[in-house]
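One chain, chain A, links the two complexes that follow: it is found with chain B in the first and with chain C in the second.
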Partner chain A sequence: MSLLTRTEGPVRRAVPAPSVGRMRWWTPYAFLAPYLALFAVFMVVPIGFGFWTSLHEWDINLPAKPFVGLGNYADLFDPGSVDGSRFWTAMRATGIFTVASVPILIVLPLAVALLMNGRFRGRNVYRAVYFAPYVLGVAVVGFVWRYLLDGNIGLVNHYLGLDVQWTTDVPPVWIALVGVTVWWTLGLNAVIFLAGLQDIPRELHEAAMVDGASAWHRFTAVTLPGLRPVTVFVVNATILASANMFGQSYLITAGAPADQTKTAIYLIAETGLRQFDMGTASAMSFVLAAFLMLASALVFGAFRDRRTP
Partner chain B sequence: MRTDLRRVRRALLHLVLAVMAALYLSPLVYMLSTSFKTREMAGSTTPQWIPDPATTDAYREILGSADSPIMTWFANSLIAATGHAALVLATAAPAAYALARLRFRFRNTIFTVIVATLFVPPVVLLIPNFLIVNELAWVDSLPAVIVPAAAGAFGVFFLRQFFLTLPGELEEAAELDGCNRWQIFTSIALPLARPALVTLFLLSFLTNWNDFLWPIYVLLSPEALTLPAGLGNFQGANNIRYDLLMAGAVIASLPVIVLYLVAQRWVIEGISRSGLKG
Partner chain C sequence: MTTPLSRRSFLGLAGLTVAASACGGGTKLGSGSSAPAAPAPTFSGGEYSGPKVTLDFWNGFTGGDGPHMRTMLAAFNKEFAGRIEVRNITRRWEDLYPAMPTAIAAGKGPDVAVIHNDWIGTFAARQVLIALDDVVGALELSESDFIPAVWGAGVFGDKRYGIPLDVHSLGDYWNAGHLDKIGLKEAPSDKVSYEAALAELKKAGVADPFWMPSKWPAHLMFMSLLWQHGGELYSEDGAKALWGSEQGVEALTWMVEQIDRGYSPAKVAIDTQYAAFKNDKVSFTWDGIWQINDLKTNAPNLKWGLSPVPTIGASAAVWSASHNFVLTSQAGKDPNKVQAAKFFVDHMSRQSTEWAKAGMIPARNSARQDAAIADLPQIRLASDLDAFHFLPALPGVGDVQSKALELAVAKAVLKEAGPAEALKDGVATADKLLAENKRKYTR
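Presenting the complex of A and B:
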């Protein structure tokens, strides 16, 4: 590689890099401008504006938007208030779904990735099949499973010989929502794990084999540590995705029974964008975001490399 | 002995994977099958995998129905997904190039701020972005589903990783030939980045085509809806008409399935690698 592409260190001083001199100072900003305009209007401004909204009683249709300080937040933390009780019911739904779905969405895809981590005919075909549901999107997935899970005419009851109301009874609704989500996104996590497995140097496995390590020992001593960065990413992304579950519940259970499967993001959207109580909805979104960031911090903490000081 | 054991293990592996694959595809097969059934058969308690008699009534009914202009939704989705993916490329590519290849004063600051937003839970953007889109008078129109999501940091992040790997010699040679930065970007960096650009286009297209939450709240009138949003409402109105629902689902799946069959490797490689290099 050319020395000129290295930007740091004394080399840069010794060989003046031509790419610096011949450009006007504003050239990089011209390259960045279109993206930064979008970034400012739809990413930076909304973060501040959302918080500002949460400090108000904000209805899009009413001219008066009185400042209420942290009143909306206080409301949410008052279990006696209507908003508070609705919100924590929804947070509970989000929590149940996340806790129930994330472990399955880590272990099963990892198992599938391990099965496919070898050279054999048809590997790419299997990979494509398991990944296929994910490209369909939640709308199609929701319709198909609404049909298959129908309590009266659904295939699931028919083939399992059951008479379960998957879309209206607790706890079957949770089994249904988690099951559908596993079917939908297993392939996504599996291909990410598979890519991670293929990045583990073959020599490590061979060295362990020469040392007489058993298959299980190789798995725990070579495979799992090698997968750590990928696992951090997958666990984190899966928690965030599960905590933002919306379409499955909207399409398959419609929040039933009695809002027990209405997730936090579902409630936020309904409160802010159907009832136009945007102050309350914004406050809800910041509380949910705080929980999500806490969860991410815990994941990064749990997977920290303890061997490095 | 050893080879026999290996053969048995291999056969077992194929058996497990094949059974799983069949189970995996069966819901989609049943969706396709039901879309060709009559209304009565679709609501029957005995499963029927091959429709007999097969009919296109469901397709005819939803395509002909006035309150669910499914072809308009289809066109809307196509315009939105294409427009969104094009906008992502047009804005993220030059930005990523500048952040990867040019040296300037606030480069690290800008990049850090952009990457930091990858950690902001998107739920906090929902309400304010609706208000902003409302101020722009985009509610109930396609710009609302094309533009705001293009502010996401993923495209810039993804392309920057790619531009960082380009060798510097080509750019230097072009510079000696008197090319300016924009010419170097368009005639050297972009053509070399074609695989990454194609992947990003596909991922952006798929994400937008399948987006559900945002369009059902920001698009309101029947003729403005995208396909998933339209079908979402449609389900409420036709709860029991599974033949119609499955026909709608098949229509909504067609473009992504075609895209997936054509570009499966790009999609999977792109997605499986996108998270790893952070």
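Presenting the complex of A and C:
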């Protein structure tokens, strides 16, 4: 209120040029202030503090926290050090999981969304069934699949007549982790794609049909371009979610075999919260964040609308 | 003082100091962060006589041992109602340890807790604990009544931080139905007959009689076998890892051989060997004695027995640990809490017989001879006390174990590397971590 009344004053006095002086230099900042305060308190300060932490040998409850400069980062980039080799094994695990899961988590939900967008009996049941697993917490999903997938006493091997160690052998363990994640989160991406599909005007499809476009042509020329904004979001969100994978490997494999499925977030949590080594854990987080920012930039670049100058 | 105290806790401490000296008690306060320097009031036994206090008590008794601890606490709270109230907080050990130091720093942790012997060094070095030497005096506890290794594990830097409650070890659980098939009444205790029994069991139709885990408790099996072969874990000064020795290779090779000989499936997932034992598929499985009550409750149809871990090497040895009562620096901020907590520890440590029913072995020699518990299945495991081996109380030893030793054992059992190679890599990592710990904890 005070902002509004204060800006009214000059407006009335400056009758000859009403548009000039309407805004004081600080007006935009005043409007930004509420969000800026939240952003500063919950984003800038913690990030800054995290970076400050990463420059120290910061153990939560040891009184001495000596400054080590970029020592923690240097350690991470030294393959001979304990933390360095553990970190890159974890980054590799995160990389493998992301590369393997993201394409499936884009293509499959899109296909499901296209099917769900059709008109047929029982459509709502079908939609609910695909979305249902997403309602479950990671603890439930992890615990159930850990026993279903067990190579020696699990039901999956029993019914399929296989002898595959889904939770303790590579590469089957990656198939298992990606499979469980797809089963679990497919519904979310499908629902977002479905919303995107319903936003594409019917007239475009009708016009294309009148022009004699085949179903495939309509898909590539109308549906896909119409889905672009949604797809950028889904691809980005899925990459970030996959790169942040923790619960599945924590609960299903516990890092087995021999830490090969211990993902970066898993290792960061373990280093910071179990071994209290916050300095190294913060440094790991910043390196991971740098990688994720790079990945996001690449995605935005790839989806940029090239027709506009 | 190098500790950065928050303003609030500083004011709180100052206020308490004023209040305490105003009362004329003249007692000095142990401020949480410099507990060793400021002695807490001396405990001289007898009942607690101060104002009513509430003690937060943390422990990890989530298994078959939990109900027994709760019964003992209920009895305590009833007997001392209006004077001391003990609030029980039970969470899994692996969640309790990481949470404890931070919670104590925030003033929301335990006043008194039960922790394992191998954590005493780490927590004492982190100044999470306060010394208990006066309780020992008041309780008239002495080394001669305890298993020496257990008693020694409670000391760090010439001060006692832990009062042992019990001892627990690895045991050899066996399936009575399976052993019956080959005419055995219990598990064999030496290498030759153990291996012969496995061969017989295989012939008698048990596809996989002895499942070899790659995760927990694989490292406990490895350590037991290492000690049996005469090996050592860490050098006396805590600077070198010694488990990569010839004896270590022998120990780990024997574990891997069980898979090669077809007695165990390859790449067993975490906890599967125990789940399979409960489901009548496994003849032998080595696990902690705290599983006794779990087997009784959750596998009522399984006929099983418990024997000491067989002697595969030259002499009997088995991994053991003990639960210890400790007082935290959080309690140290309030002299009444310190007194009440010491009284509580004193009282509880006299209940060893009741606690033995939770599946544990009383740490006191005198308690083990009590007729009331002599028939419990775990007591006979304690017949050879020299066999009990403990992890040394080196600060940060838990990190070395999980980052190096456990990983090396897992790699060998999963056949990602040969035993010698896996141990060599592991020891290289362990030595780096030990050097780091030494620097970190002696600063």
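Things worth noting here:
We take it that the second predicted complex is superposed on the first by the 265 of 309 C-alpha atoms of A that agree within 3 Å, B and C clash if a C-alpha of one lies under 4 Å from a C-alpha of the other, contacts with A are read in each partner's own complex, and residues count from 1 in each chain.
Assume a residue touches a chain if its C-beta (ideal position, glycine included) is under 8 Å from a C-beta of that chain, and two chains touch if they have at least 3 such contacts.
Just so you know, these numbers come straight off a predicted model, no measurement behind them.
More residues of chain A lie in contact with B than with the other chain of the pair chain B and chain C. In the superposition on chain A, A:N152 makes contact with both chain B and chain C.
By the document's definition of touching, neither partner reaches A:F77: not chain B, not chain C. By the touch criterion stated above, A:L273 is placed in contact with chain B and with chain C alike. With both structures placed on the common chain, the touch criterion links A:F67 to neither chain B nor chain C. In the superposed model, A:V45 makes contact with chain B only, not with chain C.
Within the superposed three-chain model, A:F300 lies out of touch with both chain B and chain C [touch as defined at top].
In the superposition on the C-alpha atoms of chain A, the part of chain A touched by chain B in one complex and by chain C in the other spans residues 60, 146, 150, 152-153, 273-274. On chain B, the positions that touch chain A within their shared complex are 10, 13-14, 16-18, 20-21, 24-25, 27-28, 30-31, 34, 43-47, 90-92, 94-95, 97-99, 101-104, 107, 110, 113-114, 117, 119-132, 134, 147-153, 156, 167-169, 171-172, 175-176, 180-181, 185, 206, 209-213, 216-218, 227-229, 231-232, 235, 242, 245-246, 248-249, 252-253, 256-257, 259-260, 264-265, 267-269, 271-273, 275-276, 278. For chain A in complex with chain C, the residues that touch the partner chain are 57, 59-64, 66, 81-82, 86, 146, 150-153, 165, 167-169, 253-254, 256-259, 273-276.
The touching residues of chain A, when paired with chain B in their complex, are 1-2, 4-5, 7, 17-20, 22-23, 25, 27-29, 31-32, 34-36, 38-39, 41-47, 49-51, 53, 60, 112, 115-116, 120, 122, 124-133, 135-140, 142-148, 150, 152-153, 155, 158-159, 183, 188, 191-192, 194-196, 199, 229-230, 233-234, 237, 240, 244, 246-247, 250-251, 264-265, 268-269, 272-274, 278, 281-282, 285-286, 288-289, 292-293, 296. The touching residues of chain C, counted against chain A in their complex, run 2-4, 33, 97-98, 101-102, 104-105, 126-128, 211, 214-215, 265-270, 272, 275-276, 279, 281, 399, 403, 407, 410-411, 414, 416, 429, 432-433, 436, 440-441, 443.
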